[in-house]
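Here come two complexes built around chain A, the first alongside chain B, the second alongside chain C.
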Partner chain A sequence: MSAFLTPDTLVLLLIEGLLLALMAVLLPSLWRLARRFDIGRTTPEQYALEKRAYLAGTLLRFMLWVKIALFVYFVYALDHLSGVITGAMCAAGVINAWDYGPLLLGWKLAGLYLFGSWLVLHRLDLSRENLPFSRLKFRLALGLAAFMGVEFALLIGYLDALDPATIVSCCGTLFSTANVSALGTLLAIPKAWLLGVFYALFALIVASALLRRSGLAALFSLLFLPVALLAIISFFSTYVYELPTHTCPFCLLQKEYGYMGYLLYFLLFAGTFSLLSAALAAKLVQEKARFALGLWLLGGFVALATWYPVGFYLKNGVFL
Partner chain B sequence: MIRLTNVSKIYPLSGADSVTALENVSLSIREGELVVLKGISGSGKSTLLALIAAMTKPTSGDVVVAGRSVAKLPDRFASDFRRNTIGMIFQKFNLLGDLSAIDNVTLPLIPTHESASDIKERAYRILKSLGVKKRLGSLAKHLSGGEQQRVAIARALVGDPAIILADEPTASLDRKLTLDFVEMLKTMKQSGKTIVIATHDPLFFDLGIVDRVIEIDGGRLA
Partner chain C sequence: MNPKLLTFALEAIGRRGGKNAAVGIIFALLVALLASVLLTSRSLQSEVEKTLSALPDITVQKLQGGRQGLIESDRVYAIETIPGVTWARERVWGYYYFQNAGVNFTLVGLDFFLPAYEESLNAAIRNFDIATWMDRDFMIVGEGVERTLHANYYKEYFNFILPDGAMKKVELAGTFAAGTALQSSDTILLPVTLARTLLNAPEGLATDITVAVANPEEVAMVATKISRLYPDTRVITKTDLAGSYQNLFDYKGGLFLSLFITALASFFILLLDKSGMGLAERREIGILRALGWRMEEVIRLKLLESGIVAFTAYLLGIFIALGYVFMLQAPGIVALFEGYSVLKPAFELPVVIDLSLLGLIFLATVPLYMAAVIFPAWRAATIDADEVMR
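Let's turn to the complex of A and B:
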């Protein structure tokens, strides 16, 4: 295997590999729990499964938290690798060094929401005496195992395809409107439109959360995520870089910009996740949705993103 | 109030060995009943009490106490259940020797977030009703057997549980103190508590206040 090994990628491979191995060890238990767990029964098998469920649930909870933390490290590693990969100025070039690189990144991002949702379900399950979601939780865990398997294959494929000698594109070409791709088309959407939708969706999220319309809050949060990412790329990032032509979601992660990207993305992802999971929890256990945290996080995101163009205007008296 | 359905408890030992402490036990105890569990050493009395108190899980069968299936109760709920529903009295009293008498009694109420003075007041009242008026501040380990016994009973009663479980409560008491204990049982019974006493003290087998004697032998009901 010609996998591209640096200290960063080695650490990634090692931890991801360990987690996958642990998942493989857990798999027979998860399989039995998914098929046989039935809290209504009082057989020796069921009591044994209840003990096993506790152990498996605890291990999974730990593993998924590590997976979530590892996402941050993955992003950091991508950014760090841009120093080694020819032509890459930031993580954008690194992730695009393989055709399926963006898929890997999207997969990992989706994983954050999936793992997080599982953790919420796990917490709800344990919060009730009769463990109402155990069966569902272990069935979903089987799905997560498959998800992690595909993710690991993608990671191997990606590291295998990385090659310091091959010249990759930098973000300047990848995120230009001249790029003949779906992304290029999306980036060509007029900024006024995009920002209109961005702030309108945020207002709708706040309104539906305050009116306790969980379903709507979840729907708008889901829509907000891609719109926000697009708005970061084509509008907000240019004000961070203070360059109208520099549209890139990845350079934000670099030291020049005070690593503000980590905070920005954390607020966006944690905020939308928190709203989605609050809606999910409200649906599952019929209790009042707890939207406050999600609203604060997402509000923080919108304020932070908005601060850059506003600050620029206050300083220079013009917009870019 | 308490219902066991086909309950077995098997303790696994090293390797493939195991001890069957209870085998297919079904019984039901009504609210307000005073029941004596009779059986020789090793017959499974303590195990039965531990199951009712959600201190251990059965290997099979169901245990329902005060409407809750305690056999299924996850650990994080079990301690609340015990504090609110069960008062336990042990043979060796299991007091904390380095705490004072009154502190031993207030201990179970600390997680309830009642005010410290309320808790103290309650403990004091209960100890007084049991005839412990002096030596409330003495360390438990310096108290006599009879005093320790009363402090242990006070601790079991302070949370006002609906169910009292006593595991050989008189084994380390002399005749006079045992009779005192019977008097205290009467009062508990009058206040409507459901009481289960595991013992092989013959005194209890034909005591007027005992509603029923359940005999257990080798893990099975006789």
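Let's turn to the complex of A and C:
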């Protein structure tokens, strides 16, 4: 039986398809806007294009919100499918059921950052009288359309490859250091090193944000994201599960752990995105960067992640 | 969110109450239809899961020519020596077709002096006074069976027809109420020797063997060992069953959803087509534009209006569905999911409200609605003030 007919995947396909269709409808307008939009002209064509620009902005904002909701739902659906796919005990096994499954997940995540950045650009553009970034943003929107097309193809390929009858691996084998893959090698990095880098990067982000060095803040945030994910997999998750051998970034999303993974990942992704977009905005319009929100979110993430080992130590008097 | 804009939007909805109500009610009914099916599915699923959790960890069936046959009872002893196994027991059970009513009963043979393999069965016979029935042929029946027997004028006994055509009179000793209605409503409990006679299962052979394993982590390993020990068996674990049930419910729900999407799509094409604005609405937007509203703000107003209508209709639809499924017991929809047993047990759908399910229904309906109104909203916002006010 194929995985296409479960309600979860149907809804995913329906909404992704809808967004793609909207994008397709928008594409001719975007093409013209990217080539012909010029705020200096006062022709009827320019007037019509300005109207079109509002449509594009509204639609893309709508898409972003739907994409955020859909990303959460996608992760939930993966977790739910682990009940059907043989051998999978959490989303880790399900996403790895296809070789490009992890790519799909990464692609979707990257998509959120890209859509978000586009909207930041869009807001900056509208906030200036002369709409300085309009041509740029419509060119970038064309890129977003291509990005979405690839994402949809990946999703179809993934759902097609999902087969309840084939046995997949459980997170216990996927995230072990014995795993002969790049990830296995990365997980073999000593935890002390990893944690050192994790906290050092966070300190650097805070310092560069307070000193208003937006370029550095953005760079460190970008570096922080993979380091934080690695640290969750190899260190913090074990304290959530209270089991030194259980290293998995997906079981966090399950009921047994109070769905805390959703909060943890929200803080991480929203925090890094907020910092990146603040830095981007500061660069583009030469303003003082607004880092406060990002710092709070990221600080919340670090505090929440740190709480688990500390709490474990307070309760048991030892570290795992 | 600007509260004044919200008030303004609410007033605007009120000004065009009839049109908004019509669209909202159709949308609410569509949401209600989808939600009823999915809520029923989830509710039945939870009932099945309850049954599953009462099942033994491992069931061993013997295969003969690819079909299930009777299994040797003494295999129990070999299985019990596998480390990790708490106990292994033979089961004697099967179906009996009662032609008058056209239903199947599930006959379960029990040794009334030993604890049964299933806790719910123990509960069923706990209050039963075995001493008075010792040497008689008796049975204890589920509620559904009792109803069927009474309807056919069997008040105190029932005549089973044996495989060789002879009659076997069995007295009705009592009834039991089951914890899970799907499972036990059609069940008849009998002494094991009587069950062997009725099911034509000779001494030394059993229907299947159930195995309890103390540590759930070891179930898969024990199952592998059993199938190595007896290659002619099919070894089914509880997890396998749970997976295949989830699959089945997902499949039926999905099948419905895919048909439903077609209906939804046609509604939205209608919506897209009919949501052209009347003269009054165009005038209103023209005035707003003349007062200095930006296009962006008009779009926001229009989307807010539609959003309020969609969300209200969504909530209304969910409430209609909750009432239909849990108060009216989902007439018509339950039939979509059951139907493997001819004896439909009368049971109450347990109230299961799952946030993820509400999220799924939301995602399946509201974004489509919003997508359908973006274009009209934009068209409205880009009206030139002078054009409509002239």
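Basically, the second predicted complex is superposed on the first by the 317 of 320 C-alpha atoms of A that agree within 3 Å, B and C clash if a C-alpha of one lies under 4 Å from a C-alpha of the other, contacts with A are read in each partner's own complex, and residues count from 1 in each chain.
The criterion applied here is as follows: a residue touches a chain if its C-beta (ideal position, glycine included) is under 8 Å from a C-beta of that chain, and two chains touch if they have at least 3 such contacts.
Note that the structure is predicted; figures quoted are calculated from it, not measured.
J.: Is A:L126 touching the first partner chain B, the second partner chain C, both, or neither of them?
T.: Both partners, chain B and chain C.
J.: Touch check for A:Y73: first (chain B), second (chain C), both, or neither?
T.: In the superposed model, A:Y73 contacts chain C only, not chain B.
J.: Tell me which partner A:V84 touches in the superposition: chain B (first), chain C (second), both or neither.
T.: second
J.: Kindly classify A:N316 by the partners it touches after superposition: chain B alone (first), chain C alone (second), both, or neither?
T.: A:N316: touches no partner chain.
J.: Which partner, chain B or chain C, touches the larger number of chain A residues?
T.: Greater contact footprint in residues on chain A: C.
J.: In the overlaid three-chain picture, which partner chain does A:F62 touch, first (chain B) or second (chain C), both, or neither?
T.: second
J.: Examine A:T185 and indicate which partner it touches, taking first as chain B and second as chain C; both and neither are also allowed.
T.: neither
J.: After the superposition on A, what does A:P7 contact: first (chain B), second (chain C), both or neither?
T.: second
J.: Should A:T42 be classified as contacting the first partner (chain B), the second (chain C), both, or neither?
T.: A:T42 contacts chain B only, not chain C.
J.: Once the two structures are superposed, pull the chain A residues common to the chain B and chain C interfaces.
T.: Correct list for chain A: 54, 126.
J.: Of all residues in chain A, which touch chain C in the complex?
T.: 1, 4-11, 14-15, 18, 22, 51, 54-55, 57-59, 62, 66, 69-70, 73, 76, 80, 83-84, 86, 126, 164
J.: Would you pull the chain C residues touching chain A in the complex into a rising list?
T.: Going through chain C, the ones touching chain A are 38, 242-243, 246-247, 250-251, 253-255, 257-258, 261, 295-296, 299, 303, 356, 359-360, 363-364, 367-368, 370-371, 374-375, 377-378, 381-382.
J.: So in the complex, the part of chain B that touches chain A is made up of which residues?
T.: 5-6, 8, 57-62, 68-69, 71-74, 76-77
J.: Using the touch rule from the top, collect the residues of chain A that touch chain B in their complex.
T.: Contacts found on chain A: 39, 42-44, 47, 50, 54, 126, 129-131.
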